[in-house]
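After this come two complexes, each holding chain A, first together with chain B and then together with chain C.
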Partner chain A sequence: MSERFQQGSLSARYGRPFVKLVLALTLFFLAFPVVMTFVSSFASDWFGVFPTGFVTTANWEDVIVGTGVGADVAVGSSLVYSTGLALGGVVINLIVGVPIAYAVARYDFWGRDWVNVFAILPLAPGIILGVAFLRTYPDLSTSGIALIIGYSLLKAPYMVMAVQSSFQSMDLQQIEESARSLGASWPRTFLTVIVPNAKTGIIAGSIISWTLAAAEFNFSYIVYSRGTPPLAIFLFNNITNASFLNAAAAVSVFFLLIALVTIALQIIGNRGAVRRI
Partner chain B sequence: MSEVSLENVTKRFDSTVAVDDVSIDIDDGEVMGIVGPSGCGKTTALRLVAGFETPTDGAIRYDGEDVTHVPPENRNVGLVFQSYALFNNMSVLKNVTFGPKMHGVSKRERRERAEELLELLDIEELADRDPKTLSGGQQQRVGLARALAIEPHILLLDEPMTGLDAKLKQNLRQELGQLLEDLGITTLYVTHDQEQAMSMCDRIAVMNEGRLEQIGTPAEIYEQPANEFVAGFIGTANLLEGTIRDGTLSLGFGEVDAPETTVEEGDVTVLVRPDEIPVGDGPLDVEVTNLFYQGEHVQATAELPDGRELTLRLDRSRKTVGTGDTLSIDIDPSSVHVIQSTE
Partner chain C sequence: MGADHVSTDTRAAESVQATLKSLVSPASERQREIRRIVALCIPFSILLVFSGVFPLTEMFRISFSESRLVTEGFTVEYYRTLVTDPYYRNIAFNTLWFAAATTVTSICVAVPVAHALEKYALPAKSVILTVLSFPNSLPGIVAAFMIIILFGNTGVLSNVFAFLSGQSRIDVAIATSVGGLFFAYIYSMIPRALLLLRGTYAEVNTDAEEAARALGATPLQTFRYVTLPQIKPGVIGAFILVFRTGLAIFGTVLILKGLLVWTLQIDRELAQGFNIAQASAMATVWFFFVFGFTVLALRYTSAEVSI
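On to the complex of A and B.
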């Protein structure tokens, strides 16, 4: 056997460890700031390389109680408000986005490609859409409805793409026709067979579009005028008006929220995958 | 009265004619097969019976009643697809009870019915399983149980065994054939596999390019094909051109008595099945050009004295035959079937 076969090529010997190393470094690069932010939110000082003065809850108290140092309002009200707004956007996306994803994946109709393009391309940036909304519907900006509609429009592509990917992995035509031959009407087929079968995509789409909507800054900044600030504005105020450690606590609230929502939706998704009759 | 019938049904998709003036009557309790190559219109015909397509012309009748425009959910048809299309968000038992539930059957009765069918198909232990975790054969049984659970007017099977391995296919073919016979359920079986159709169906409709070429029992289709297409599609066929004059069939390389049933005179195409050509003793010598070992027998291609090719079926005792060897064959007039006049 030649020496080349005995030793293997360079890529065969070092390729896999190299890819692993690159992945680990990338992951560390991305995760390190998040971890450091969370950890520093429990520190009293950060003047050197690493934060010091552990463990204090003062930063969290400032954010949670709303001492006036940062956003001048407690995180709870902003959090609840933004959760509701983002949820509203997700609900609209579910009602509109899932049928669009289904239609594009299942049927061949005139203009299908255009519908697909409009549904999955984030056409207008948040700042542009915000200005357009403010000029067109000046009275809506204080009610929160503009924020809900804007969030749903901005984040719809993520929902449509995630759900469409689920639909494309199924034999939609045969599943639909099986259900209908068994006596189910089209709406019943859609709601009791098609949608539950796309559960994974719907959950993924909901998590992504909710998370991005809850943290949408550009659109919120343009459209929001008064009252309880959306979370993105709250975080911005904390970051700009308070110490970094206060801002770290405010940002950590958001990290925790995302983690909790993701875990909750995963549990809901896994539960009842197969239910007994 | 025919249970289900297609009456002069035509289905066009833009300029394409998928089904062209097809009429098929399926009797009560009969297993009717539709066979043909890909794109021949057999699946469209099944979808027309199910109600997923509406004929451009013609009518679909159940027990004489016109159901052409009745939506699929109101036709009470059991459908089993090649992909089985099981509902992965439900357990096996729930898949089977789905149809009865849609038909308003009480919870107790639909559970009883489902358990009975799962037992009949020997998959009762799978009741609580997730369909995704089942093998192809198990999924096929679940799909069948689900279709039968609504006690359908007609059972429609669309290539239900295509994805299975050969051995499983053979076992399931026997089981399914027996089951359909026992249940006496009217069935339309669509397949491109002529062997499956021959072994499972009471009658077979052969389709090609949207047209119905022939309809008859498997034996009629095999032994008396209506034309060259049917002869070539069902089984292996030797199609030879010849001439009939005064009761004698001349095949170029020799002459035999014309079949008694033949009325044609002049140029004809005749069919001789390989299994009807005796090999080893006969007046005609052919040279073997190719051999294909097929386990139970050997299929040979041989060259006739006039250069035309003939397919022969050799039993395994002749496995020593090699390419280039000469074999003696006979063509018995009783095995010659005149299928089409070439004039």
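On to the complex of A and C.
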């Protein structure tokens, strides 16, 4: 009887420790370099095994104020510029994403699944779309408009998914019918009843698509030609050209941004969105 | 025959007219609903056409152009280069095997991690979840920097390996080799695979697993014959998604340069002499390959796919 349970089998004895080991190694692999980057950004040298010369803010000053060497720019101007571009993308995403999410969540129509696939699967990744933009809108690339419309297409799926998850938790038909029977026209129902009810999803979607647009590198790298570099290009310039610890500080600025966004999402209480970002 | 043709034409035209008319001034509730659906889909369609379909079409057209900077004439020269030149064939081969190998590795890591997250009582679980999803929002260049931290010339693991093997740490630093690139790829792939697999794991029927264990199956047998068939759609979905991601990775390779892959070569075509026709041909091939791969994979497997 006892051998039927095979308590002595290899997987019973070593299975759980093995799975836990994989988990621990994965956590180390993903989190350790992030911590090291942040810590070393306050160090003055890193020649040996560990960074030394704590605590200095010189690296952060170089990043935030700028070193003034060559065409180097401070993070401030890049951050402001990227914020603006990404906000432009978010505005477009709101205009296109909320309606299509509602159409898919509320109505049943021919080709609905395909509309959904197009709305939530990215059509082409950044680099491919970048090549296409370079060919099609060569004059726009210097003004940032190309970046805005590119960002909005690349990040639209995240907006649609976040808003959809909000819509799915609402009884849309009932809400719509109540408002209609009380005399509201359909556009008014949509704008003043449906949209405010999906507030959580809309805010979460905006934050996510904003962050991802600000972080988009591949598309920006191909399309960007001159002027203030977007944040991702700024990071790239720091990683490839600046000293190692300056690069660590620049990457840490980005980490702080993501941390702020994660906290913001947690405050709104959209747990699904937190996982997705 | 001719008359038939004409009447089909007029009938089609009439039906189009009728549809348009019903959209502009709907007569029934159903028609009004259709008008609403169309109105809701229009903004997205406009964005899709202007920033997606139109640029991609222009890209497709210039890849057949005889002139370098404007679309003129018709030639398949650039595609012939891609097929016949061993240089490009080699890049295609590199891209495919590398993306496939990293995809398989990251799924092999993500399945046990998702298993542990779902089944085990873990301390500080919300912290673990945050750490595991954090890299999802990092661009590829930051993933590359993380690998430099771990495996670069002064990298932490380089130091450990140097200590263990007694070699100089410069000799054991692998950040800019194929190995370093491998880790950089899975750095951004594991969290993405986890996202999907955790969703799948949440729906696994635990009664069946308990029954299997009670009937005497070992944990491994339970996983192999009870859990794995249930998570199979998620695993296939994760494979499709992560493989697509792997083919699109560019920033990481641009920094680490361990292997010449398709996306890096597209950038080189542009950087060295702005050969946009060749770059467009490569981008077009990429687009149709991934599009076809996704459609076929979704059609012939039971995969679950979201972003």
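Methods note: the second predicted complex is superposed on the first by the 224 of 277 C-alpha atoms of A that agree within 3 Å, B and C clash if a C-alpha of one lies under 4 Å from a C-alpha of the other, contacts with A are read in each partner's own complex, and residues count from 1 in each chain.
As a convention for this text, a contact is a pair of C-beta atoms (placed from the backbone, for glycine too) under 8 Å apart; a residue touches a chain by one contact, two chains touch by 3 or more.
Note that the structure is predicted; figures quoted are calculated from it, not measured.
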{"item": "Touched partner set for A:F234, first chain B, second chain C, both or neither", "value": "neither"}
{"item": "Touching partner for A:G97 - first (chain B), second (chain C), both, neither", "value": "second"}
{"item": "Partner chain(s) touched by A:F42 [first = chain B, second = chain C, both, neither]", "value": "neither"}
{"item": "Touching partner for A:Y158 - first (chain B), second (chain C), both, neither", "value": "second"}
{"item": "First, second, both or neither for A:F254, with chain B first and chain C second", "value": "second"}
{"item": "Chain B versus chain C as contact partner of A:W210, first or second or both or neither", "value": "neither"}
{"item": "Touched partner set for A:R188, first chain B, second chain C, both or neither", "value": "first"}
{"item": "Contacts of A:V22 with chain B and chain C, given as first, second, both or neither", "value": "second"}
{"item": "Partner contacting more residues of chain A (chain B vs chain C)", "value": "C"}
{"item": "Which superposed partner A:E177 touches (first chain B, second chain C, both, neither)", "value": "first"}
{"item": "Overlap of the chain B and chain C footprints on chain A, listed as residue numbers", "value": "274-277"}
{"item": "Of all residues in chain A, those that touch chain B in their complex", "value": "171, 174-175, 177-185, 188, 193, 196-197, 199, 273-277"}
{"item": "Chain A partner contacts - residues on chain C that touch it in the complex", "value": "32-34, 36-37, 39-44, 46-48, 50-52, 54-56, 58-59, 62, 109, 112-113, 115-117, 120, 122, 128-142, 144-147, 149-150, 154, 156, 159, 183, 187, 190-191, 195, 198, 216, 218-221, 223, 248, 250-251, 254-255, 263, 266-267, 270, 276, 279-280, 283, 286-287, 294, 305-307"}
{"item": "Chain A partner contacts - residues on chain B that touch it in the complex", "value": "50, 52, 71-79, 81, 83, 85, 87-91, 93-94, 97-99, 102-103, 107, 111, 128-130, 143, 146-147, 150, 156"}
{"item": "Chain A to chain C touching residues, read off their complex", "value": "4-6, 9-12, 15-16, 18-20, 22-23, 26-27, 29-34, 36-37, 40, 46-49, 92, 95-97, 99-100, 102-103, 107, 109, 115, 118-129, 131-137, 149-150, 152-153, 156-158, 161, 186, 211-212, 215-218, 221-222, 232, 235-236, 239-240, 244, 247-248, 251, 254, 258, 261-262, 274-277"}
